[in-house]
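Chain naming follows the written order as A, B, C and D, and within any one chain the residues start at number 1.
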Amino acid sequence: MTPFASLIDHYKAVFFDAYGVLKNAHGLIPGVDRTIHALIQTEKPFYVLTNDASRSPEQLAESYARLGLPLVTADRIVSSGMLAREYLQLKVSHGTVAYLGTDTSAHYIENADLHALPIRDVDLNDAADITALVLLDDEGFDWNTDLNKTVNLLRQRNIPVIVANTDATYPVSGNRVAVAIGAVADMLERIVGKQFIRFGKPDAQLFMFAYDLLRERMTIGKNEILMVGDTLKSDILGGNKFGFDTALVLTGNTPAEDVDLRIKATGIIPSYVCESAAV
Amino acid sequence: MTPFASLIDHYKAVFFDAYGVLKNAHGLIPGVDRTIHALIQTEKPFYVLTNDASRSPEQLAESYARLGLPLVTADRIVSSGMLAREYLQLKVSHGTVAYLGTDTSAHYIENADLHALPIRDVDLNDAADITALVLLDDEGFDWNTDLNKTVNLLRQRNIPVIVANTDATYPVSGNRVAVAIGAVADMLERIVGKQFIRFGKPDAQLFMFAYDLLRERMTIGKNEILMVGDTLKSDILGGNKFGFDTALVLTGNTPAEDVDLRIKATGIIPSYVCESAAV
Amino acid sequence: MTPFASLIDHYKAVFFDAYGVLKNAHGLIPGVDRTIHALIQTEKPFYVLTNDASRSPEQLAESYARLGLPLVTADRIVSSGMLAREYLQLKVSHGTVAYLGTDTSAHYIENADLHALPIRDVDLNDAADITALVLLDDEGFDWNTDLNKTVNLLRQRNIPVIVANTDATYPVSGNRVAVAIGAVADMLERIVGKQFIRFGKPDAQLFMFAYDLLRERMTIGKNEILMVGDTLKSDILGGNKFGFDTALVLTGNTPAEDVDLRIKATGIIPSYVCESAAV
Amino acid sequence: MTPFASLIDHYKAVFFDAYGVLKNAHGLIPGVDRTIHALIQTEKPFYVLTNDASRSPEQLAESYARLGLPLVTADRIVSSGMLAREYLQLKVSHGTVAYLGTDTSAHYIENADLHALPIRDVDLNDAADITALVLLDDEGFDWNTDLNKTVNLLRQRNIPVIVANTDATYPVSGNRVAVAIGAVADMLERIVGKQFIRFGKPDAQLFMFAYDLLRERMTIGKNEILMVGDTLKSDILGGNKFGFDTALVLTGNTPAEDVDLRIKATGIIPSYVCESAAV
C-alpha cells in the first residue's frame, strides 16, 4: 500500500478516472480536492478520463463545480463521448445519426454537425437516410420498445454502430449498480451478429486522446504519466497496456478486502495500490 | 429438397418445432393441418417442442385451437417452461421464486407449489426468502427498472437462476423480430458473472423430456424419430446431437435462398431440407 | 460440511465423477474403496460418469482393478466417449471418421462399425470420403502439424465435428495440469466458425445416458439419485440442472479453502459439501 | 469497385497491411512494386503495418528486398512485435521474460534489454525471476509440451502476458492456413482465466504507433491517411475505428465473390473496395 502523496512527485502528469476516484454517489471522495489543488499549484497537468457519454465535458465540469471542485474544468475532461464525436466527424460525413441515450448525450452527435435522431423517432419504413447509430447512454429511452426497434434497424441497414461507453454497470447508491449501455451494446451486437465500434477504457484510443492533448502542451513520455483508477478491468488494464504506470485506489469498485484476490484472479497488476487519491 | 410427405412414412414418431413450422405471424402454415390430421389418422405419435415459457401448455393448445388446429392438444406440447417447472419441483423445495415474465408465465412456478413473485414486487431490503429466480418471458415487466433490480438481487443473493427460453429473438410480423428473454439472460449472466441454468433447444434436456413421454407410450429408438424445425442453431443442432434425424423446413427462420450458405457457414447439417411441413 | 456416510442412506443410487473423487494422480482417494464396498453390499446401484474418451470402459475398469478396486467394472462406467460412439452409430452411417486422440480412443469409432483414421494419415487432397471428425483425446498426435491439418480439413469439408471430452484441463501430478482436448476444440471451433457437437458433463446427455441405464434396472426418480463430484462447473452444475441432488467433495479440483468463495463466485450451489466420498 | 491508382492522389500518406496486400505465398502481389515506386517518387510517406512478431523489422525488410522490393525498408515497417517491445521497455524493468516463438522473434525482448528465455528452458521449480511472458509466434516450440508448461507457469506466477500477434490464422500456400499465435493465446487465456495484453490490428495502438512516426515527419490529420488491407476484421475495422479512410483489396483474405456478403454479415464497411493495391 503506497501513500498517494508520495507518488505524484515522481510523475510529470496524472490521469484520473472520475467515478470511484474523484467522486462517488455521496459527493467528492474526501481529500481529492487537496490533490487537485496541489496539482494546480505545482502546475502539474492532469486529465480526467471517463467512460461517460451522457453529458458534454462542459456539463461534466459543472457537476464538479457543484461538488466544490471548480478546478476540474471542461478542458481537463476526456470522455468516451468525445471519441464517438471524433469518429462521426472523420467517418460519417452526412445524413441522420440515430442514437440511444439522453437528450444531453446527443450533444456529441450535434457537435459533429450531424442530425441526431433518437431511436424512438426513427421510422423503420423510412430509414434510408440513417448513416450511423450511436449508443451513448442507458437513460433517455424505453428499453423494451427502443431496443427492439434498434435490432430491427440494424437488420435492415448496414451502418456503423458506435458504442460510446464500454462499461457494463455503474454504481448508483449504497452497494447498488445500474446496467450501463456497454452491456446493452454487447447484447445487441450478439443478436445482430455485427461488429460494433467501441470507445472507452480499457481501449487504447481514450488514453491516446488524452496523451495527445498533453503532448500539445509539453514534451512527455508515457513513463512520466500516472493513471489513477478504481477498476482493474478498465483503468488499470488500459493504463498498463498503453504504457503508463498505474495506481489502483480503493475508494470505488475495488474494496480493500478483495484487492489481492482480484489482482491474482485477473492477472491485471497495478504499479501501485493506494487507499485513495487524496493527499 | 425432399418432399415432406415422403419422409414421415419412414419414422415412427415426429417432433415439431412450433413457430416457423406449424404457425407464423399470419396463422397456420398452409397445409400443416393436413399433416397433423394424417399423423392422427395413422396413429403416429407427435409432439410439439417449443422454447416458449410465456404460457402454459393448455394456453398454447388453445391458441392452436383458435387457429383451427384443435388436434394439437396440451398433452402434445413440451415447452421449455415445463423443464423450468421440473427443476423447481426437484431442486427448490420452499420459499419465494422471483421471476421476469408475464403473469401467465408464472404458472410454471405456481404449478411447482411455490410462491411466484414478479421482480417488480421484490423488496431488495427484504429478499432473504427468495430461493430462486426464473427468467420466463420478455414481456410483463419494465425492462429498465426490473433488469436493474434483477442485477442487484443477484449481487446480494446467491440463488439458482433458471432461464426458461434460450432463444435470442422471436419473429413478430413481416420481417421484424423482438428480443427474447434468452438474449436478456445472456446479458445478465455476463454482468453478474454467475452461471445460469438454461432450458430449451438446442439443449438435450427438452428433447429428452419429449423422448421420455414417448417411451412411456411405446418402444422406440432415437433413429425412429424425425425432428422438424426451421432453425439450424436450435432445432437441427439439438435434434442432431440427441441422435434424431432432422428435417429443416423453409417456412420460418431459414429462407430458401440462404439455406445452402447457412448450412455451410454453421456446419449444422440437417438430414433433410423440405419446403414446408405440409403434406 | 456433511459426512458422506450419512448421505448415501438417503439415496437409492449414486453417480460418481472419477478423477478427484475416486482416484487422483497418487492412486485411490483414501476410503473410497470402503464406499464402493458398502454400495455393493447394500445392492445400491452406482455409476461412474467421466469426461474421458481416451480409453474404452473396459480399459478404464482395468485401471480401477490395478488400483485395487475391481468392483468398478466396465458396465458401471459411462464415458463421454460412449456418447460420441452413440452419435456415430445413429448419425454417421458410412465412410471414414477422422480423429484426434490416442489409438485406444479410436475404439469408440471402430465400435460404431466405422473406419477410424488419425488426422496424421488424412490426405487433404483426397478427403472426400471423410464423413465426420471426432476429437477424443489430447494425446496421440502432433499438436502443431495435426491441428493445422484439422483446420484445413474443416475448411474444405462440411462435416459434423464431435468433441468427446468437454474439459479444458486435467490434473497430472502435484499441482500441475495439462490442456485437455475440450480446450483445443474451443480453439478450433472459433477458428473455423462452425458449431461443434460436445459430449460430457455438464451437458445433460451424459447424465441422461446413465439415468437410462439405471432405469432399465429399477424404477427410480431423479430426486432419488445423488451426483458426487469435485468440480462445480461440470459435475455440480450438470447434476443440478438434470435434477439430481449434488455433493461436492474436496479431494480434487476444489480445495477446502476456496469452496465458499467459488460457490459464491459461480452461483453453482451443491446440495451438500463433503470432505471426501469416503465412508 | 474503385481503381487504386485514382485513390492515392487523395491522401497524404498510405498505410499498408503486408500479407495479402503487398505479398502472398507466391511472392509480390503483381503491380504493387509500381505502387511503392510511385509513392517514393512523389515523396508520399507510407508504412507497412503488420501483425507479425516472428522477425525484426530489419529481417522483414530483407524479405521484401529478396522479393525485389528493397524500397520497403525497416524504418517503413511497424510490427506488433514493436509494441510488445515498447511495453516491455516501459513496464518490465528487470528479470527474465519467458516467450513462445522463434529465436528471431526473441529479438523484441532482447532489444528491450531483458533476458529472453524460451518456455522450453523455463524451470517451473525455479521460476521466481520470470517477470513477464510474451507470445510472439506459433513456430519455434513444441506445442504440446510447451503449451502445457505455459499453463502451469501462469498458474503459479501472476505476471503480465503480452500477445504480439492477434491473428487467429495466417495463409501458408494455395488455399491452406496455419493456426497463428493469436488463436493459441485465446485458448491459454480462457484456460487460466487471466487477462492478456494484446497488440496488433484491429487494436488502436498499432495504428497510433505508425501515426506517431508519421507525425514526427509532417503535420497530418487522420482523414488524410488511407489504410489499405485485405482483412475486414483487422485492417478495415481497426482503420475505420482509428478514423482513417480504408480500402479493402481482394488479393488476400477476402475473395471477390464473398466481399458483399462479408461486408453485410460483419457490418465492417470499408471506404473503398479495390481489386488490388497495384497502380
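The criterion applied here is as follows: a residue touches a chain if its C-beta (ideal position, glycine included) is under 8 Å from a C-beta of that chain, and two chains touch if they have at least 3 such contacts.
If you want to know which protein each chain is, UniProt gives these names: A, B, C, D = TIGR01459 family HAD-type hydrolase.
All values derive from a computational prediction rather than experimental measurement.
Placing every chain at the mean of its C-alpha atoms, the farthest one from chain C is found to be A. For this pair, chain C with chain D, the centres built from the Cα atoms lie 39 Å apart. Each chain gets one centre point, the mean of its Cα atoms, and the points for chain A and chain D are 28 Å apart.
With centres set at the average Cα position, the gap from chain B to chain D is 45 Å. Chain contacts: chain B has no residue touching two or more partner chains.
Arrangement of the chains shown, judged by which pairs touch: one closed cycle in which each chain has exactly two touching partners.
For chain D in complex with chain C, the touching residues are 124, 138, 142-144, 147-148, 151-152, 155-156, 168-169, 175-179, 183-184, 186-187, 190-191.
Residues 86-87, 90-91, 154, 158-161, 192-197, 203-205, 208, 222-223, 233, 237, 240-243, 263-269 of chain C touch chain B in their complex.
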